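Below you will find the structure I want to go over with you.
To keep things simple, chains are lettered A, B, C and D as they appear, and every chain counts its residues starting from 1.
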Amino acid sequence: MKNTAVLLIDCPDRKGLVARVAGLLYERGANILHADQHQDHDLGLFFMRVEWATAWGSPLDESGARDAVRADAFDGNFDLEGFRDAFAVLARELGMRWQLTTNARRPRVALFCSQFLHCMADLLHRWRTGELDCEIPLIVSNHRAVEQLAGFYGVPFEYVPVTAAARGEAEAHQLALLEQHGVDLVVLARYMQILSPAFVARYPAAIINVHHSFLPAFTGARPYHAAHARGVKLIGATSHYVTEALDDGPIIEQDVARISHRDQVEDLVARGRDLERLVLARAVRWHLDRRILCYGNKTVVFD
Amino acid sequence: MKNTAVLLIDCPDRKGLVARVAGLLYERGANILHADQHQDHDLGLFFMRVEWATAWGSPLDESGARDAVRADAFDGNFDLEGFRDAFAVLARELGMRWQLTTNARRPRVALFCSQFLHCMADLLHRWRTGELDCEIPLIVSNHRAVEQLAGFYGVPFEYVPVTAAARGEAEAHQLALLEQHGVDLVVLARYMQILSPAFVARYPAAIINVHHSFLPAFTGARPYHAAHARGVKLIGATSHYVTEALDDGPIIEQDVARISHRDQVEDLVARGRDLERLVLARAVRWHLDRRILCYGNKTVVFD
Amino acid sequence: MKNTAVLLIDCPDRKGLVARVAGLLYERGANILHADQHQDHDLGLFFMRVEWATAWGSPLDESGARDAVRADAFDGNFDLEGFRDAFAVLARELGMRWQLTTNARRPRVALFCSQFLHCMADLLHRWRTGELDCEIPLIVSNHRAVEQLAGFYGVPFEYVPVTAAARGEAEAHQLALLEQHGVDLVVLARYMQILSPAFVARYPAAIINVHHSFLPAFTGARPYHAAHARGVKLIGATSHYVTEALDDGPIIEQDVARISHRDQVEDLVARGRDLERLVLARAVRWHLDRRILCYGNKTVVFD
Amino acid sequence: MKNTAVLLIDCPDRKGLVARVAGLLYERGANILHADQHQDHDLGLFFMRVEWATAWGSPLDESGARDAVRADAFDGNFDLEGFRDAFAVLARELGMRWQLTTNARRPRVALFCSQFLHCMADLLHRWRTGELDCEIPLIVSNHRAVEQLAGFYGVPFEYVPVTAAARGEAEAHQLALLEQHGVDLVVLARYMQILSPAFVARYPAAIINVHHSFLPAFTGARPYHAAHARGVKLIGATSHYVTEALDDGPIIEQDVARISHRDQVEDLVARGRDLERLVLARAVRWHLDRRILCYGNKTVVFD
């Protein structure tokens, strides 16, 4: 497992941005592993993601040919704090918004669900097998259905019932739990309650939801019923960041599956579960890999 | 090229429908090539499509093993009119709506377009190479852009300009042309004018349109602009029968393509052209093959 | 949960097959839920699947309109054994191979795996939530990695190590376990050992494997490495019945995912896991729903 | 239509490559429109594509807000030859292979086909509507079927029959035509003759073929027959650069379509035509946009 740093940048586009950033990294001795940039020409915006090695824990066992190529790459530790200070100066000059993170500290993720557990079981299995690089200190549900599964994976479970009358108290309880566990990201794995604007405002671009339709078609409740009634030939699922407006946040990922006249609503529900699992898992992984930048109501997903 | 008949049925579901229909065909000596049925359990409806050989123009050159199997199949002509009379009695008894057609008479199709010709060029090429089994007696457009292409394929072209002030006259002209050419099916191959309810009522389930979005998302004008603004990760196209309500008729086919943050509106337009071509061509072919049954606002597409 | 019977038929094609089968079912009072047939015109073969209700455990709560339609459908129990006897006579006359099964007895499935558990975890979750209608009396592995997961789902686990020297003994042990547990279907959920022809011969069309490539490309070991070396732009996975010839049995389902030059072998492995899960789960479900007929080295999958 | 330059680079990976290249472009005043790089960590290779504006033919009609952002971008012409000289020095130092091209000179493309014209008709329509930015000075075929289509699009047609006995002469004739027309890229749009190694050697990474299977499955003749015989559930098509080894060159693009047991060979052929059109058109467009780098037997396709 290597140690890496990721720098995410967005700013007004102008000449020389790549040269300035790449130049500083080169000067500081960074061994760049991945770099990607994007320009939105219509809006005049620039986006960049750079990932580089900061340290290597184990001796190399590469073949001679590759050693030669990579010789200058593995020269010990990168001075991350020194870089941060130098970059801050540059960023101020160029009007950049930026985040610099390392995988030394793993993000802390809370999973929310209701009675349907397919996304939850999928995320927990991926986490257990190392596909999701995070801590999961907390599972929250308004049902007890997930309790056994949480136990199997050794994740503390908190039962927080939600009633129309006491929604505010429930959210206060949830927020206290999130704070107490130092949660960075909330994943709504088919959590069937609507979060209040106040809750959402506490975690900007840090709550990921899966909606069981191809947004913006079929927002709101019972999208498979609506899709069946409309007679569509493909159903979809969408993962997105949660904002105040229901089902209207920046889309991270979407996928579809072909259906036919033979499929009744319950078939759509079953087919849809596979889509939901996939688009939610991808969104969570990309977020954890710091591949996503939000701007306006859209996302850049670096690949 | 074999001669075949196709029977399309829809009616309230009840026991014995397949047995009764198949029994009558067997009794009359039909050699069934394809049969498919569908039940909508929620609505209690039954749908069926049967296709059988009515005559064979050429001697067989099959191998012995297959001759044995098919020996009883190729026994001359099927008495279609006798079957029609007998079936009418059965259909009345069982409350069936039905269509019985043969490929002896090829459907007559009119193609409408405006200035974008990708769907038109695609349909004409498919027609020329035998993929679409129909006559095309007429191309209508409110632009002259298609004139050369129509000439190359030897299809009469009618220029019918449409202005807001004289929309009624234009439609009257179009309808007269359709009648004069005995048109059975109108295909709107990116025809950018809205047809009046009166026009649509003249061709129920016989006008096919392609809309450049994944309906019901992004109805109306400039769907690619809307898709880009919403930040979707897939774009789509939809072919459907035209009804009074704009972009709301029974969906025949849909398809999607993946896009990314790198794609600007003009990229969506270019990617979308390939989708539009495919979903429109499939819809037209299925209609010509009499594979489609409309019910409510949905389609059954037998495959 | 309704009780249903399924009849699967394959035989030489001839006139009147649908009429004869549907006629007998109608005469016996069957309420057909689904019927589908297929003709392979090249080979002169006919295939049919019919599913009908045999009993209904609960009173109906349908609306009046639907009651009227369905009134004659729910008239108590179907005499399955009487039908079986009558059908056997017909089948003999028409040279049919056939299977008649009901969901009164749930199939018994054994799951085999090695150290990778993504397919296993997926199948067990689907089983727990009712998506797979079967008993799972047994999990067998040559690794202990699956033991905890088996325990969580309450399925007996048998550790059967396999060495090159003692492969025969291991298989004898496995076969004894299968017999002891009355297993009908063996699912190889990334079981990385090759079964001997003698083992395979004991379960014809009753062992389902998932291979991590788009067969017939990249048979054998390390298909993701081979795909990466060849520079393909899509990777795939295939579920199939196991036959004597490695990776050459009748294909049940395949799917693919797009990759790019950015994806290294480990990315292919990760992307592929999602494909493997899906194509294996679909194959198992279709087999349990008795939707699959094998002929030659191919499958008919009724949908 | 803007004027742009594209620089494609591949070389051994080492620190500072992006910084050096971006720095030089910045220093020379380039307004970068797109930049993308890729590292093959296993092989220790680095790939880069940069596209920048070299001149702008028309005054801007952008809004004020965007003018401010882009003010420094549109400052007249870029000294391309000066940059070329400076970059050559850098490239030598860093061991780079590189190509520097502009769209001032449009590539010259020859299209080859045999009797099936779906790819040819598709490419010519795309070319006519501006989707393919090239000259097409020449269509070559061993059949006369394409002659009318060539005439419609105003492209000179050369009939070059190929017989087993006189293959060498035919190729000599073809090569003379290519030279005479200054052809840069040869596109085999379902050209059903195998080119000799000597021919291929004359156009390295400059002959694009479409093969009607999902390579490496079903190389050679009649792949749809082979796919049908194997009972696959998806069919595919592949565009690739032609090398000496048949159907074994670097893959540029692949796509697949789902089929079922109902599809006979002729259905596969029809479905496959749509795939062939798409994968070939994409490959040609990407080549013309200078998005493709070959290395080993693989491609990097910058998006």
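Here, a residue touches a chain if its C-beta (ideal position, glycine included) is under 8 Å from a C-beta of that chain, and two chains touch if they have at least 3 such contacts.
None of these values were measured; they are calculated from a predicted model.
Student: Could you tell me which chains make contact with chain B and chain C both?
Tutor: Shared contacts of chain B and chain C: A, D.
Student: Tell me the rotation angle, 0 to 180 degrees, that brings the C-alpha atoms of chain A onto chain B, to the nearest 5.
Tutor: Between chain A and chain B, the superposition angle is 180 degrees.
Student: Using only Cα atoms to place each chain's centre, name the chain farthest from chain D.
Tutor: C
Student: Between chain C and chain D, tell me the centre distance in angstrom, where each centre is the average of that chain's C-alpha atoms.
Tutor: Distance between chain centres, rounded to whole Å: 43 Å.
Student: With centres defined as the mean C-alpha position, give me the chain B-chain D separation in Å.
Tutor: Taking the mean C-alpha position of each chain, the two centres sit 36 Å apart.
Student: Can you pull out the residues of chain C that are in contact with at least two other chains?
Tutor: Within chain C, residues 41-42, 260, 262, 303 contact more than one other chain.
Student: In their complex, what parts of chain A are in touch with chain C?
Tutor: Touching chain C: residues 117-118, 121-122, 125, 129, 131, 148, 152, 260, 262, 270, 274, 278, 303 of chain A.
Student: Given the complex with chain D, which residues does chain A contribute to the contact?
Tutor: Counting only chain A, the residues touching chain D are 12-16, 18-20, 22-23, 25-27, 29-37, 39, 41-44, 65-66, 69-70, 72-73, 258.
Student: Taking the touch rule as given, give the residues of chain B at its contact with chain A in the complex, in rising order.
Tutor: Those in contact with chain A are residues 38, 40-42, 214-218, 230-234, 236, 250-256, 260-262, 264, 296-301, 303.
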